[in-house]
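Next come two complexes, and both contain chain A; in the first it sits with chain B, in the second with chain C.
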Partner chain A sequence: MQGLLWKEWHEQRWKLAFGSLMLAAFAFVGLRARVIADDSLLRYVCGIAVLLLPLLSSTALVAAERSDGTLGSLLALPVQAWRVLVAKTVMGVALCAGPIVLTAMVSFAVSGGREMPAGAMAGMFARTLLAALSLFFWMFALSVRLPNETRAALVAVGVLVGWLIVSLGLYSAGARGTEPSLLWVTNPFFLFFMGRDGQSSVLAIAICMQAIIALALWLWAVRQFAKPQEGRS
Partner chain B sequence: MSDQPVIEISGVVKTFGRKRVLDGETFAVQAGQTFAFLGRNGAGKTTTIRMLLGLIKPDSGTVRVLGLDPQKQPLEVRRRVGYVAEDQAMFGWMRVSQIISFIAPFYPKWDHGWARQLSERFELPLSTKVKHLSKGQGVRLALLLALAHRPELVILDDPTLGLDPIMRKEFLRDLVTYLQGERVTVFFSSHLLYEVEPVADAVAILDHGQVLRQDSTENLRAQIKRLIVPATAEAAVRELPGILDIARCGRQVAVVVSDAAPAVAALEHEGIAVQEIDLNLDEIFEAYVIGRKEPANAGPPLERVA
Partner chain C sequence: MSRTKALLWKEWHEVRVLLAIALFVFVGLPMVGAMEDRVHRFSASPWVFLLGGLLGVLVGVGTVSRDLNGRLEDFWRSRPVGVARWVLVKYFIGLGVVLAALCIPLVIEIVLNQGSNVWTNPTLILAWNPFVWTAGYGVAFAAACLIRRPAHAAVISIAALLVLYFLPYALPPIQFMELSWVMDGSEFPRESFGHVLSIYHRIPWMPWRVLYEPRQLLFVLGMLVVAVAGLALALAAVKRDWRIESGQKLIYWSIGGVILVVLSTIALQVGTNLPILQRLDLPENCEVESIQSDGSHGVILTWTDKVGQRCQTLRVAPTGLELGPPLAVENSRYMNLQGAVSLPEHPNILYVPGDRPIADSKALYPTLSVVNLNVAEAQTETLSFPGDKSALWVRKIDGEWVETETLSFPEDKSEDFYLPRVYAWNNRLYFLGINCRTFDLSEPLKPRLVSTDQITWQPLPLRRANVLSFLIESGAPFETGMVYFPDIPGLSPRQRLETVLGPKAGLINERFSDDTLTTVDASGDRLTTCRLELLTDHSATFRRLGVYTPTSLEWFYGSPGQEFAQRNGLFYESLRPSQPWDTWDTRRQLDGARLTVFSVDGPRPRPVFHFAAPDERSFRGLCPLPDGRLLLGGEHHIYLFGPPPRK
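Entry: the complex of A and B
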């Protein structure tokens, strides 16, 4: 497992560094410039994080390695497929969480308590992290069998657009996220968009539900991952 | 080692969608053999190898490797098998030393001293990134990674694909030196017959998912021959058992038979003059895989026969 984690770290560390620096730099410059209110700026920053980080991390892990052809070599080694997937999942979580955590730290350092209460700011970043992770597991599981990054990216965009449509549909129907309907509590965007308005009990239910869904998606991904690709004979 | 075959495949069927890739495939590889597994592209060679490693499950039939079922004990099989894949993709960003260090912990019997010796003998630059290695160095690195855990069986899936002829010869020299010398069983899949002929002890010819023939290289060469007879004897020739290929050209008929001795005896018994031509593995393979059972007036040119 150590070797697999080392490999994933070496393969993804520059992406992690790039994502972290870009997001943190955007927050830093924005908060220093004070062109718009801190609350609005951080909402943009978190929105970018929720939309881009799961997409970039989910496509970089399995599909990229499948298209390189190195995944076949990896799976021909005496190692269980689930261990390979654990290493990739750990790195995927790091790719989502790293930039958000760094950006949160930068934001606190620059503007903590200035316009936005520290608790609200922490809550915003926490919800962003949870929504990003929830989306990551959807994208990761649905792209685990795909042969290249392009198709994985298309699936990831499909996941984003699909959940956004569900969110907007529910919103336009008058739901405000205060009632624990199934579509709300299973919706990754609920954590991001609606969580701040919702009751904490509904938010807790949503977090639990989405943790269960993430686990189920991951177990399904393991099954899919271990299946052979139908290829040349 | 016991008399149990190192590889035993019996009645294996595998379909991908509507395509039946393996259709009752059956063969066995004995310990210490260098076994050439021959077939055209798409014949089912890679599918067979992936089954041997437990990467694909057969629809029916049995697969045993080193006495183990690769479906039930894939990790145990892979720990005891060295595998060089066709056009093997390796982690280009790793240095040679890094990839050796990365692969080693997966194998409990990894021999670091042997790995070091192999890297010296194969002249592998340890500090060079894998993506900067030449094609030949890449194949040699793959061979090192397959051998350094001292496997009981080495599976090579068209390993020299893409190498120039000199590199292919060097690779085969390494193979002969380090594998046959160690009495390691080698399962060598290829469609380049001239490359396996000098090293193979036994051969299986695979076509459309079935093993058409498995035998020792010596037996194949001794038994399969091309017989040249006058065209007037065509009727008698067509009665011969085991015809693999037959072609008429002018006043002669050339026929390839799977067992020459009884065929020659039968023709001579009929008073027909027969000329026997020895075949190399390439021609034997061709006769099995693309041989025609019916005479053709515009048959293959006889210069092949002469």
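Entry: the complex of A and C
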């Protein structure tokens, strides 16, 4: 297992560095410049994180191995397939969480307590992290069988757009965080857009629901991952 | 046919289609636009200016990528043609296509429009932009030789081009490579007494008159160095078969790097860079209306929901601000406290102009109030002059907008409404209405009327005291404009000019100091500076110096000006806060108050300092001090800024 994690780390660490640097630099420059309110700026930063980090992390883990032809060698190792997927999932979670955590630290250092209370800022980043992870599991599971990164990216964008359309539809239909429907609490964007207005009990329900969905998606991905690719000898 | 000629023929045949497409875009489409335009104005310069760099990249990558790929490259290497000659021919044919495709439309525009351009002057673009296009083309050519994958090379080249555009904004040592700097230098050459300085010469490579100073040649040199470096790198890469394995990593980091450069540029252009020395908290629901100070003492005017208008004395010590107790002023609604003056030796006694309604009438008469802030409760004594009733007043009285009738006072006939104003000098107070009343201030609390003189404000009305404002707001091209001032006994022409242009003149969009008049247009975006050229007994002649129009970034992050001040060659502009009716406009969605400081002692205004306070909704009470510090009032705080770090 350690060897698998080491491999993933060596392959993906530049993406972790890239995501962390870009997001943290954006927050740093924006907060230092003070052109707009800290709250508005951090909403932009968190929005970018939610939209891009799951996309960046989910597409590179399995689909890239397939297109490079290295997945076969990996599965031929004397390791169970689910362990390979655990290593990839851990790396994917790190790719989502690392930049958000670093950006939160930078934001606290530059503007902690200046305009936004520390609790509100921490809450915003926590919700961003949860929404990003929820989207990651959706994208990761649905792209686990795809043969290359381009297709994986298309599916990931489809997931993103699909949930955004659902969110917009629900929002324009008048649904609010305080009276959420089942579709709302299973929506990854609920945590990001509506979570801050919602009651804590509703938020807790949404987190639990989405954790269950993420687990289900991951188990489904394990099943799909281990299946031999159709049309190949 | 010699080898070079054969190579030239081949390259020309391959690349001419790009020239045709580019000419269709940059000449054909604007031609169609000109035919549909009411005044048939041919307008190619915006497209050339915005897309020129992109064409350089496309041609640079396009000329190389076809021949440096797989078997075709092997074929060329097997031919008895030197690699250097082959690359050089490619380079210069491609460069020729880029320059021809971008310069021809500009020449057509200059010839057809004869100077009636609404956008950036095409002669300036033609004078300076070809160097940027050459540099961009050189970078793209080198990238294509090194990377050999057209799409990747194009992405990297566009990233490099953006760095070339934006990095000089962020890095002061290479500021000479900033395109806007060099174009501004030619558009607004520095003048002395109305004459362009002798360091300016006519650009030799331009058939039309465009001036340059030797410093601007650094820009040309810098761009040519980039272009030559690109060519040298391309030659070395092809000769030694250097390749860069481009992949996801390279593309991600290039784009990321460019985003960081652009972000840093934004931060430098619109971010906060004024040093705060002190910040005083204001009580809840208390808002600053105005601050006035001579550098050592002053008065802060605040508004609170419960009490209304209040005054607080202010002492500006080297260590910071010391505020006196807040004092309510009786009948302050009839006073223009923002127009008050005081004598330097009695800073806490204010002489406040104002007006009051005449009983059973909608007319108003001017008043002069003496407000003593030295005691616990401010004392007010009001002198009134009902004889100075004015015609055509439209003022707010007791919360209602009322329009007065025209009263018959032929001797006070006024074409426009006005605010009475005061001017203090040398123990004399001049109260300027339709008449000028001079008071002796030997006893500061008991002004003694010395004389009453009829003054002539014609040919211009009082409030809009200068014809320059009209010229500037109309947008009409002008070189000089006149400002007239009244004949006030005992005051010099400069002092009389200050009565119409000074800080107490009640002007809205104009500020005058150190012989420079700065005006902001009605939309609050564009600044124009004029320099005092000639001062006679009754008029001042100003010559237009320069104009500042916000860049796209500043326009996006800024909003129209709300309040203005000027001192020590700096023009201070506090930006208007968001209003509910502004929500359609993207730039006003951004919250928080902002302040921009322009340097106006040069040939054109340029932004030098910024301050943003997202927790304030607006800034009121801009008060620059003689020592360079600045007092600024907000909704929650009063700020004292240090002198600007550099000018």
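As a convention for this text, the second predicted complex is superposed on the first by the 229 of 233 C-alpha atoms of A that agree within 3 Å, B and C clash if a C-alpha of one lies under 4 Å from a C-alpha of the other, contacts with A are read in each partner's own complex, and residues count from 1 in each chain.
Basically, contacts are C-beta pairs under 8 Å (C-beta built on N, C-alpha and C of every residue); 3 or more make two chains touch, one makes a residue touch a chain.
Predicted model, so just to flag it, every value in this text is computed and none were measured.
After superposition onto chain A, partners chain B and chain C are found to sit side by side with no clash.
Using the contact criterion defined above for the overlaid structures, shared-chain residue A:K7 touches chain B, although it does not reach chain C.
With both structures placed on the common chain, the touch criterion links A:G72 to chain B but leaves chain C unconnected. Judged by the touch definition given at the top, the superposed model places A:A216 against neither chain B nor chain C.
When both complexes are overlaid on chain A, the residue A:Q80 reaches chain B alone and has no touch with chain C. Of the two partner chains placed by superposition, A:V161 touches none, neither chain B nor chain C. Shortest separation of chain B and chain C in the overlay equals 12 Å (C-alpha atoms, whole Å). Of the residues of chain A, not a single one touches chain B in one of the two structures and chain C in the other.
Touching chain B in their complex are the following residues of chain A: 2-3, 6-7, 10-11, 68-70, 72-73, 75-80, 228, 230-233.
By the touch criterion stated above, chain A contacts chain C in their complex at residues 14-15, 18, 21-22, 25-26, 29-30, 32-38, 40, 115.
Listing the residues of chain C that touch chain A in their complex gives 249, 252-253, 256, 259-260, 263-264, 266-267, 270-272, 557, 590-592, 594, 612-615. Contact residues on chain B toward chain A in their complex (touch as defined above): 16-17, 19, 21, 41-47, 50, 53, 55-57, 74-76, 78-79, 83, 85, 87-94, 102-103, 105-107, 209.
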